[in-house]
Amino acid sequence: MTQYILRRLLLSIPVLFGILIATFAIARLIPGDPCTAALGERATQAACDAYNLRMGLDEPIYVQLGIYMRDVLTGNLGDSIRFSRPVFTIIIEKLPVTLELGLAALTLAILVGVPAGILSAVRRNSKVDVATMVAANIGVSMPVYWLGLMLAYLFAVLLRDTPFWLPPSGRLTAGLSSIPFYRAWGLPISDGTFGFPIFEFLSNLYILNSIITLNFKVLFDTIKHLILPAVALSTIPMSIIARITRSSMLEVLGQDYIRTARAKGLRERLVVLRHGLRNALLPIITIVGLQVGTLFAGAVLTESIFSLSGVGRSLFDAITGRDYPVIQGFTVVIAVGYVIVNLAADISYAFADPRIKLD
Amino acid sequence: MPAKSAAPNGNAPILEVRDLKTYFFTEDGVVKAVDGVDFYVKHGEVLGLVGESGCGKSVTSLSILRLIDRPGEIVGGEVFFEGENLLDRPLDSMVDIRGDRISMIFQQPKSSLNPVFKVGSQIVEVFQIHDEKMDKAVAWEKAVALLKRVGIPDPESKAHAYPHQLSGGQAQRVMIAMAMALQPELLIADEPTTALDVTIQAQILDLIRELNHETNTAVILITHDLGVIAEMADRVAVMYAGQIVEEVSVEGLFKNGLHPYTQGLIKSIPVLGSVQEQLNTIPGSVPNLIDLPAGCRFASRCPARVEHGLSICEEHMPNLLEVAPGHEVRCWLYEDAAGHTAPLKPGKGKKKK
Amino acid sequence: MTATDTLAAPPQAVKSNSLLQLTLRRLFKQRNARAGAVILGFLILVAIFAPAIAPYDPTLSLLDIEPVTIRQAPCIHLLGCPEDQAQHLMGLDGNARDQFSRVVYGTRISLFIGFSTIGLAIVAGTLLGAIAGYAGGWVDNVIMRTMDVLLAFPSFLLAIAIITILGRGLQNALYAIAIVNTPHFARLVRASVLSIKEQEFVAATRALGASAPWILFRRILPNALPPLIVQGTLGIAGAILEAAALSFLGLGAQEPAAEWGTMLGRERGQVFTAPYLVFYPGFAIMFTVLAFNLLGDGLRDAMDPRLSQVSKAK
Amino acid sequence: MMTAKPLIEVQDLVKYYPVQGGIIPHTVAEVQAVDGVSFTVYEGETLGLVGESGCGKTTVGRTMLRLETPTGGEVRFEGANIFDLKGPALKALRREMQIVFQDPFASLDPRLPIGESIGEGLAIHGMGNGRERYERVIEALSRVGLERYHATRYPHEFSGGQRQRIGIARALVMNPRFIVLDEPVSALDVSIQAEVLNILKDLQRNMGLTYLFVAHNLAVVEHISDRVAVMYLGKIVEVTTRAALFRKPLHPYTQALLSAIPMPDPTLKRDRVILKGDVPSPLNPPKGCRFHPRCPIAEERCSVEEPALRELESGHQVACHFAERFL
């Protein structure tokens, strides 16, 4: 298996390389010269010349590509035009929001999708199955932003004076704030401390931060704010996972070894859970990896609906504001993250399947 | 149906199947895969169940353990095992029979083993299903011993292997070990060697034979290969289109097979060492199991019907009747319309030259 | 042999069924597929007869024509809206345009988006996939590694990136969606070509002395079609969803086009005050996407090779 | 048969399949599917090629028709090495040599009416106009016992036996001289198998065809063949006439194979030779004689020296150091 993993790792190198070239190309292909793209429409000629010299834009294209790659690999993603801040810092700030939302949605999608798929497969053609599959079909057809808006309308407006009321926007109720754990614990950490971005990143994961600082008020408030966006975001992956689980389970339940398990005298529940599920889950690992892409698309839309200041929202703002360095930087980070997640899914598949593990 | 309450010579059969009907309710119609099957198996004997593909022999065997999945359903009949009708049991309690008192092995040994578990633990599972208190280590010891018994080389390490690391022959040995683990009274072997090479087939058949002698386990051997039948079976039931058409001792089958289908089948196989210019063929094809003819299911292909000009064959179904001690046939050649066995009366439109 | 003669089956006048007929029959046995086909048929009719169905010009502001206000709530006579008021089934939008008419016309744009983007993606993907699969070697490597890079981006992000380059607008959104979908079809076709290439009926054709193009065009590609049709139908669903999302973000169709995503995007801020302006366009998107998803699912089941083995087993 | 002239001579045919592996994929090993096989097929005869799964018999048939690229060796059709042929010359040769496959369903394009499948070869070679081609298709159909109206039907509308007859008709329509029959009856039920075997025999008699009959079922091979070649792990171990094969097999593997076949005669009680173990992997075949790890009479020499295929009696070749013991 070491061989399989190494091969898989090696195979992602050209892909990562391709991502760098593609994002480099984005910067060169955008209309107008890179200088106005980077400094904005009102940049003076002198500022542009200085910029070009500084960025090595007078160098031949392959040297520029080399410089770009070096920069990306060292975490230098350029500066935002609108905020005049390093893109890297913006990512450290925004990524936790998206990560929290995405993980919540993915967890929800798996926790609901897998059991629903199993139930559907085991009770094939029953009412439960038909209902689940109709729901799943509607789920994959759902415009996430529409669902988000409708949920917001339902829970924030129609259910306003009931216990079911849920906030339609933001991460925390006004007045509440999440105190970073390092400050709550009085650690001598501030901007400039070695490893500060990591602390900053971790403390921006509100759920994690509030759990380790035992601030339950913030925890519950965060969760309350997370419910609607997470539900909206999880719909499509949940439906896909339910459908794949069902078909994978049906396929597995038709296999010869299931008949063997029954012929041994194993009870049906164990036949399904021990012999069926273990095999049916294998393809689901890959699907979950691929859903991260869907989650990202959904995050752009969901964050914008629920006013969450995450990667998706920032990216959208950057596009509207033509903040090209931010677009480029975010694109690289997200694509690399996506490749890594799928790599991880492939490797866990290899661990789960003895046919690959022992090769 | 004439009842056959007991097999001849007072030896009560271990298994007796009466008028078993298993239908599949498909979109295209009701497939009568097994449609009134009767046979019995005596203690310690090997019953061969022979027939061509789609004749219902596998469905019959799965029906005994009630392993029929939707859209299939057992719609009628009785399966007496040691005097108890298995079809009367609550389905849940079939797990006490399966793997413990009746066990099965299948045609595709490699795909019949779960790819994600070690073969050793798949055998251990059998022990633990039927004796929850059994210690894992003890069960593992027993599993290794079983692997050794079925002739797996280096059983200690092979127990840790996964199915994909075994050859087809080894996988079938593991299946046999699993099936014999609790020394069942009956083993159902559904085409156990069809997927294997001849030299490996010989090994597996030998093993089954040995176990049959050693433990006195009765065996239902399902196969399409008359050669395997001749080597292995004590008695044979021939199936055609969901029914038994002939049931007789193995010597009786090859020396004195009475049903025209049996005769045709035996004459259609090339025999090693005997030179034949032309092989006998059975014209036409098996009737569609959804839309079965009213009369004898073999009538449309039956040369004897044409030869003797029998018209009853296409109108009425013959019964499975005992025409000689221990020899039953389902054919109008040996039965008159009143249901009595009778020697053949040539019909009017006889065509013999 | 006499027996054989009398026993030979008489020539039956059974109507012959091609694989296509069988597939269609199997398709319409499924509730899902039937529902999908009915919805799709309905939508196509709506798209064709939009001018007859829609009471107003979808881009016309009614402010100076009728006594209306912007974002006026739906007025449905059957539900008790006074008869003397003009009927607006789904209310008026922020520009005082009749939303019902806009939703009806939106069908045209959405169906056009779905079919054109996926059509383009299928043509490009099939070409690339067939070349890669049939040629093999370095050609295969170059094509498929390029596809891998495209697939390494979450597709929505890639579409956004492409629009960043091309500029916003419906046409560019269409190109972007076509491009992000192409790798899927290329992979699918390549995989089909590779598996069909190994089929015995292809070997049989080779044994007859057929040339490579003959085999590719007459044997392999026609047999690669079923998965392509399934993927294409499901792809249309995805494309409509993606295009609407891009328009929602303001990257796709632009005002005053009657595009559902654009309509939603413009009125999203009014969800708490005029929810009907958000509800109907969104519902239309879901309904349309659902039709293709249902149909695609049904097609997948109907074309499943494992099912066609049933007739073989009998 | 021995006086007949050779139609096809196979000389040292080798076919290895590379196995890809390693971190950077490259060929790490080779499956030695066929490793130096030589035999002759005489005009008008049927040569049976028999062996267990993975012995390379199917690869031999396919490589002879250039459906697989050979790794080495020669196949001469009437003296000309067909591995040297290219373009039109190869295409012309395709008309002379045809193949019938094991799985009659997989070998027919499911989207084509069978008439078109059968006529495809004629169309490829531009033989005749539409009408003439149709007539030849009908003629081929009738030769295998099918009717005119069958031509417009699709493969899924036929039974297994009928499909195999269609496969034969497709080969026949080209008027070939040589047909490789690759396990043509192993997917069929016995009663159907008999029907197809009879048709094959009739056609050979009426049309003067030459067959290479590849199968794993020795009884079937013996029934149809004039001579039989037995393969084991990519090598031919014995070639002889049908009569001698059964009466006096000289290779221990052939003997084991014969004795392993269950005979449909319960009165027959035979002393069986049951081989131990499995067939080794062709990835890494045993040194010396490939059969020696399973051979009941193997000696030291067998694990070192590979036995050559030698003629012990007229028309009876065997590859065993100790075959003389069985003479």
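Just so it is clear, A, B, C and D label the chains in written order, and each chain counts residues from 1 on its own.
One rule holds for everything that comes next: contacts are C-beta pairs under 8 Å (C-beta built on N, C-alpha and C of every residue); 3 or more make two chains touch, one makes a residue touch a chain.
If you're wondering where the values come from, they're calculated on a predicted model, not measured in any experiment.
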Of B-D and A-B, the pair joined by more C-beta contact pairs is B-D
Judged by C-alpha centres, the chain sitting nearest the middle of the protein is C
Expressed in whole Å, how far the mean CA point of chain B lies from that of chain C is 51
Chain centres from averaged Cα atoms put chain B and chain D apart, in whole Å, by 33
Per the C-alpha means, the centres of chain A and chain B lie apart by a whole-Å value of 56
Whole-Å distance, C-alpha centre of chain C to that of chain D, is 48
Check: chain D positions touching at least 2 other chains come out as none
The positions of chain B in contact with two or more other chains are 281
In the complex, chain D touches chain C at residues 62, 65, 67, 90-91, 94-95, 97-99, 101-103, 105-111, 113, 117, 120-121, 124-125, 147, 149, 152-154, 156-157, 160, 167, 170, 174
The answer for chain A against chain D in the complex is residues 3, 6-7, 10
Chain B contacts chain A in the complex at 62, 65, 67, 70, 92, 94-100, 103-104, 106, 108, 111-117, 125-126, 129-130, 162, 164-165, 175, 178
Chain D contacts chain A in the complex at 21-25
So, in the complex, the side of chain C touching chain A is made of residues 32, 145-146, 148-149, 152-157, 160-161, 163-165, 167, 237, 241-242, 244-245, 248-251, 261, 264, 268, 271-272, 275, 278-279, 281-283, 285-287, 289-290, 293-294, 297
